[in-house]
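Below is one structure; the comments refer to it alone.
A, B and C label the chains in the order they appear, each numbered from 1.
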Amino acid sequence: MNSRLVNWFRYASPASFFPLAGRLAVWFAVAAALLAGVGLWLGLVVAPSDAQQGDAYRIIFIHVPAAWMSMFVYLVMAAWCAMSLTFNARLSAMMAQALAPTGALFTVIALWTGALWGRPAWGTYWAWDARMTSELILLFLYLGYMALRQAIDDPRRADRASAVLALVGVVNVPIIYFSVQWWNTLHQGASVSLTAAPRMATIMLTAMLLMAFAAWFYAIAVTMVRVRAIILERERRTAWAGAFAGAAQ
Amino acid sequence: MTDAALQPASDGGAWPGVAWALRRDLRLALRSKAELGVQLLFYTIIVTLFPLGIGADPALLHALASGVLWVAALLASLLSLPRLFAVDFADGTLEQIALSPYPLPALISGKILAHWLTTGAPLALLSPLLALQFGLQGLELAVLALGLLLGTPTLSLLGAVGAALTLGLRAGGALLALLILPLYVPILIFGAGAVEAMRAGLGAGAELSLLAAALLAAGVGAPLAAAAAVRIALD
Amino acid sequence: MSLGDFFAMGGYGFYVWGAYAVTAALIAVEIVAVRARYRAAARLAAQPGDAAR
């Protein structure tokens, strides 16, 4: 067999992925902390005030990365779901299972910070604009996925059912976003102009990008720890899991 | 309950499968006419609750009409969805159906069509009557009914996927609602939006076309997804 | 910018720090929760369990 092919699938089993996940968790956690440190320094201390929004705009350094990550994690989760159905692979399903709570958390952060930015920037905590409304619906999609998993006792049925749900969801996300945009442009009557993101000086962009990468690496780190927990939970009756946990006690 | 028609007469094939499932489910549904009436009654009651809650100011009701009538349709659709698979699942018939030579997506399409004919279609036809209570008139009523006729099949199609995913689960109805309602949002937006466009004097062509497009897409995709979900539940 | 200015955030301190503080809290909760889940799973796996070995 081609040795490159063998290498690729080497980590496809929970048992062999488990130690790799542990190492990845540490590396990405450190990287996330460093990037966040620099990003926050640039964003909160070095970057100047905005002409229109004063210092309130500084919320974007968490709001925008959180919103990006909430969508990105859903895509990655759906990709793992597709793989789990195609290859009937347990580990792929476990990765999707591990990603969902983090994705949901980013959605909550995006909504919360968006509301707190909305008040000073355009006068109201919640303006039913297209992006925030779509973000809220994305939260429902995450929670639905997690609720379905929780409701099914058999892990393999839960894997497959929630995978189908996630794929149906991912196909619908652009449709939902488009329809909410449509709805918003029709009903924008009395309220507010929501194109109020400040013109970005380079340093603001840099800070935002650093925070985006920090969020991404943080998500990887947390997901790696969570998938290790899930692997141990689901594989606990195997010899390697017992040996590992026994030695670790 | 024996069902002699469980053994298909022919060898399988998509359209005969649709017809077979449609005939069977319609026959079963029409045996309990009371159940069908209950769903229409549910729709009517929900619609009636809104003015009771918000007040009977005609201008306000006229403005809210499209949203209320559509949201109530969504909720009424949710109420009737478990019926699609649950009864067959409980007595083992669903497994037999899945084993038959007809393609499962075709059979499910037939079931969904029967479901729509007994829930969504009557609801759509009833809606103009209820809309009169909200002050909608003339073409607005037509757009409402047409939109519901185009939209409720999509609700049944998407709902079938949710019903199949949640087969036999304790959480049942509430979980189904959580899973399906986000997917219903575009239908709601375009359906209610069509009536609003008519009220504003613009045409409803765009919204109705989008509803038709959604129906076509769901008509192809949902039976496949639902079939996959049924097999997952049966394993 | 002085420390006082930093906390005041040009008068928007409530919003900026409200956002950052809740975010930090949520992240802290996630980290604590996931590590607790891992430890619980490890403990579960260490038990002899059924005779399937």
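Just so it is clear, contacts are C-beta pairs under 8 Å (C-beta built on N, C-alpha and C of every residue); 3 or more make two chains touch, one makes a residue touch a chain.
No experiment lies behind these values; they were computed from the predicted model shown.
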Which chain has its C-alpha centre farthest away from the C-alpha centre of subunit C? B
Central chain (by mean CA position): A
Per the C-alpha centroid definition, the whole-Å distance linking subunit A and subunit C comes out as 15
Subunit A and subunit B have mean C-alpha positions lying a whole-number Å distance apart equal to 33
Whole-Å separation of chain centres (CA-atom averages), subunit B against subunit C: 42
Under the stated contact criterion, what part of subunit A meets subunit C in this complex? 44-45, 49, 54-56, 58-59, 62-63, 66, 101-102, 105, 108-109, 112-113, 116-117, 119-120, 218, 222, 225-226, 228-230, 232-233, 235-237, 239, 241-242, 244-246, 248-249
If you look only at subunit A, which of its residues touch subunit B in the complex? 137, 140-141, 143-144, 147-148, 151-152, 157, 160-161, 164-165, 167-169, 171-172, 175-176, 178-180, 182-183, 186
In the complex with subunit A, residue positions of subunit B that touch it: 161, 165-166, 169-171, 175, 178-179, 181-183, 185-186, 189-190, 193, 196-197, 214, 221, 225, 228-229, 232-233, 235
Complex contacts: residues of subunit C adjacent to subunit A: 1, 6, 9-12, 15-16, 18-20, 22-23, 26-27, 30-31, 34-35, 37-38, 40-46, 48-50, 52-53
